[in-house]
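Take a look at the structures below.
Heads up, the next two complexes both have subunit A, just with different partners, subunit B and then subunit C.
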Partner chain A sequence: MNSNSALSIEEIREGGVCVVALAGRIDSTNANEVMTRLTGLISAGEKSIVVDLGTVLYLTSAAFRALLVATDRADRSAAKLALCSLAGHVRDLFEMGGMLELFTIHASRQDAIAAHS
Partner chain B sequence: MPTKKPANIIYGLEESPPILVTVGNGLQHIGLIAINLVYPLLVFRAIDTPVDLVTNLLSSGMLVLGVATFLQALRLGPIGSGFMCPATFSATYLGPSLLAAKGGGLSLLFGMTIFTGALELALAPLLNRLRAIFPPEVSGLVIFVIGLFGGIAGIRSVLGPSAAPMLPAEWVVGLLTLGTMIALNVWGKGVASMFCALIGLVVGYAAAGAAGLINSGVMSVVAATPWVGFPAVYFERSFDLALVVPFAIVSVATAMKAAGTITVCQKMNDADWVRPDMRSITAGVLADGTSTLLAGVAGAIGTNTSTPAVGLAAATGVASRKVALAVATMFIIMGFSPKLPALLAQMPRSVMVAALLFAVSFVMINGLQIMTSRLLDARRTVIIALSVIAGTAVEALPSISASAPPVLRPLVGSSLVLATTLALVLNLVFRIGVKKSARLVIEEAAFDPDAVAAFFEAQGAKWGARPDVIKRATYGTLQLIDAVASGYWRDGPIVVEVSFDEFNLNVRVSYNGQQLSFPDQRPSAQQIRDSEDGAQLLGGYLLRRNADRVRSESTEGRSRVLFHYAH
Partner chain C sequence: MTRSVAICLHNEASELAKVRDALDCLGREFHLPSPELIELQIALDEIVSNVIKYSWSDGVDHEFIVRITVRTDDVVLEIIDDGAPFDPRRAPEPPRRRPAARVSHPGGLGIHLIRKLVDGFAYSRIGGRNHTTLTKKFVQAQSGRGELNRE
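The block that comes next holds the complex of A and B.
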């Protein structure tokens, strides 16, 4: 597979919170990569994770599954995992799939960090 | 299905506002709708209906509006959308109603109104199909010419060859009424702007009284009218085949307008709104048709959903069904109180025409907005321009109708009928060769999501398809390929075939392998998490929600999925 909208994952620490910024598309070809990265952070003892979806182009059901698995793992490990910056098409997809109620979602990265700090 | 209340709505559909809020909002809606009483009034006046009968008919009309608003708000079996969407008399009926009244009196007017309501009931389940025949440039044109020719009918009633000459005082009163409405609408704020039409009517009545245009005899008739009374039903009904076409056009136009208003209600009440829900639209149009049928039975002109009232609900954030029930109750109380209809029945003609011109201005612009919601290419330009010119020519040159062969008279005898028929015919002619198609073959080893997106984008631009529909179709295709990629797609290429005409975008995806399921309900979070099958179930659910229609079939190991997107 070749693509110029490939997934990129960036990890930044801001205000004691681990921000994982995702960009590009997330589908079955790379959803495991997202899941492994997030569950790895939780296994390593990370207690506050914010996943920034602000520059994600679109996500498929495989991506939703990855985010649900990571959220569940966080709950079991007494960690907090939230999503932020859902905009445009990505927000529409969350609404369409009835996924908004399954995650903790903040409007912006700043709001998410403030809530987690 | 329960919906999520948007942030700007203070009292949602199922919520109960405090009684003062409910009554206050109800009164605002009544104020907004009141101006449309000018339409039946104009029709009754055009054939010199006696004042006491006009009072009686206006009372019946108010009862009809009350029942219609109840029918829309309450879901009685298949009838009623359940929304706060009050009914009103509509300019759409004005032209054909005048034709019927002048041709065969009240009995023909009410008979044809019953026919229109019955036809709207029959059309309700077919609305989706009608979109192809009535694209925005045609439905917008119909609304535009209804406003334009409605205004001309009003002007003719005071300045036409058979009208009594306008007195200088009448000009002053008319201009003052219209000026008040316009000034409050343009520069007024809050309540003044919202009640501009009602305040204009009051100013008009006061000015007409001061100018001596309302004689003391009239006022004593109003004073003698009791506060409580029951309107008598006007029993005669008749039917004229020659009027079927204009009333059928009205029936389609009102059905489409009701569908549009119900769609606005859906969006207003659901933060997660994705696309029109045809079930509630059909139920809403059934209520609208029933109301018009009842109007014909009770002795009124046809009714339609009030778009400005829904706009008011959005502006105030009060969309509660309780407000609709309050509005309906107020109409029914007014229907049993002949004092107000008696006063309205005496409306001086200068005030009435001013109110009509104000009301039809908004109808015309609404039509203009619908027409221009699509790019006006050469085809649409010709449809709109020629139809408006043809309709206007009939208004300006009555000799066209008089000299036409008898067989063509029903067509060229009415500006609305000629303009609409010409637009319909031109639209059908121009649809020849409109359907376009394209094909993309994705080899197993070379699936590139960006290439799929680029294919849809390029075709969409070439065909002039709406970007939001192309985006949904792109996502649907990518999500389907993503879901079938693990375990369902066996071997060989995936073929994506896209066909487009102005109203439909169909995407057919076929592959060798197992069928995906498309559940109606979202799988639970646990189901999604537990295995990759959960992701595929969610994929199927997303695909069902993403398209307007999904059909899936499998023969001899080849699966085909058809996504339909309304355009």
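The block that comes next holds the complex of A and C.
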């Protein structure tokens, strides 16, 4: 693994949906950045968020916690937060951790945006 | 036939990057297969962050050791700390189908992932220190085996 595996967080506006595209690895050193960005969007009044995990290399329990906290915050703020594009190791880890049933998950970004529109 | 690297860490979350980078370096040097290296990185993050969060409760700076050993067909991670006695293998499984409980008490998930990701998970208390050992087997790439044989 090289420097390309550093975490990046990109926000893209797709109509009324805010897509947050994560890339790289999400672990104990940077999971708080993800949580802060997502909860910040919800606090700012964002009502429809899709987190795209398509280019995430791997994630740890700290990342799951960040996503759970953000989902919980969205629920309490009458906002919708969904995940999309789980593949490879990332999907395996969701399954391994029993996480698939705890989130709204779409196969692709397009599917997620269509469901939120 | 083996290469061992020992890293001294402080009990701060930012220290995790040191062991993550060290394992990355060894992975490149020995051409460790990517899936196994990723699984090791996750297990390493989980066990070291667990030590940082739970081994000491006095709010004081402490040091502990992480030793990474690459052998012919496996990698061994040893974590040695002088914190409170704790066998991580006895951590309870995370609650299932209770999202709210998972948000407030996610601690068991990391240990659950370790159990799934490594081939060996051992613990002993020796001389007032916790010794936790994780072992991950891998099939060495041909070029990597050549490098190991030159050790």
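Note that in this section the second predicted complex is superposed on the first by the 113 of 117 C-alpha atoms of A that agree within 3 Å, B and C clash if a C-alpha of one lies under 4 Å from a C-alpha of the other, contacts with A are read in each partner's own complex, and residues count from 1 in each chain.
We take it that contacts are C-beta pairs under 8 Å (C-beta built on N, C-alpha and C of every residue); 3 or more make two chains touch, one makes a residue touch a chain.
These numbers come from a predicted model, not from an experiment.
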Item to check | Partners on subunit A (subunit B, subunit C) - clash or fit | outcome: clash
Checklist entry - In the superposed arrangement, does A:23 touch subunit B (first), subunit C (second), both or neither? => result neither
Checklist entry - Of the partners subunit B and subunit C, which touch A:98 in the superposed model: first, second, both, neither? => result both
Checklist entry - Does subunit B (first) or subunit C (second) touch A:115, or do both, or does neither? => result neither
Checklist entry - Given the touch rule stated above, what does A:9 touch, subunit B (first), subunit C (second), both, or neither? => result neither
Next on the checklist: For A:72 in the superposed arrangement: first (subunit B), second (subunit C), both or neither?
Outcome noted: both
Next on the checklist: Looking at A:61 after the superposition, I want to know if it touches subunit B, subunit C, both of them or none. Which is it: first, second, both, neither?
Outcome noted: both
Checklist entry - Following superposition on the C-alpha atoms of chain A, which segment of subunit B from the set 146-154, 362-370 or 452-460 overlaps subunit C? => result 452-460
Checklist entry - Which subunit A residues come up in both lists, the one for subunit B and the one for subunit C? => result 1-2, 25, 27-29, 58, 60-62, 64-65, 68-69, 72, 89, 93, 96-98, 102
Checklist entry - In their complex, what parts of subunit B are in touch with subunit A? => result 271-272, 274, 446-450, 453, 471, 475, 478-479, 482-483, 485-486, 522, 525, 528-529, 532, 534-539, 541-542, 545-546
Checklist entry - What does subunit A use to touch subunit B in their complex? => result 1-5, 25, 27-29, 31, 58, 60-62, 64-65, 68-69, 72, 89, 92-93, 95-98, 100, 102
Item to check | Residues of subunit A defined as touching subunit C within the complex | outcome: 1-2, 25, 27-29, 57-62, 64-65, 68-69, 71-72, 89, 93, 96-98, 101-102
Checklist outcome for this item: Within the complex, subunit A is touched by subunit C residues 13-14, 16-17, 20, 24, 27-28, 34-35, 37-38, 41-42, 45-46, 48-49, 94, 96-97, 99-100, 102-103, 106, 109-110, 112-113, 116-117
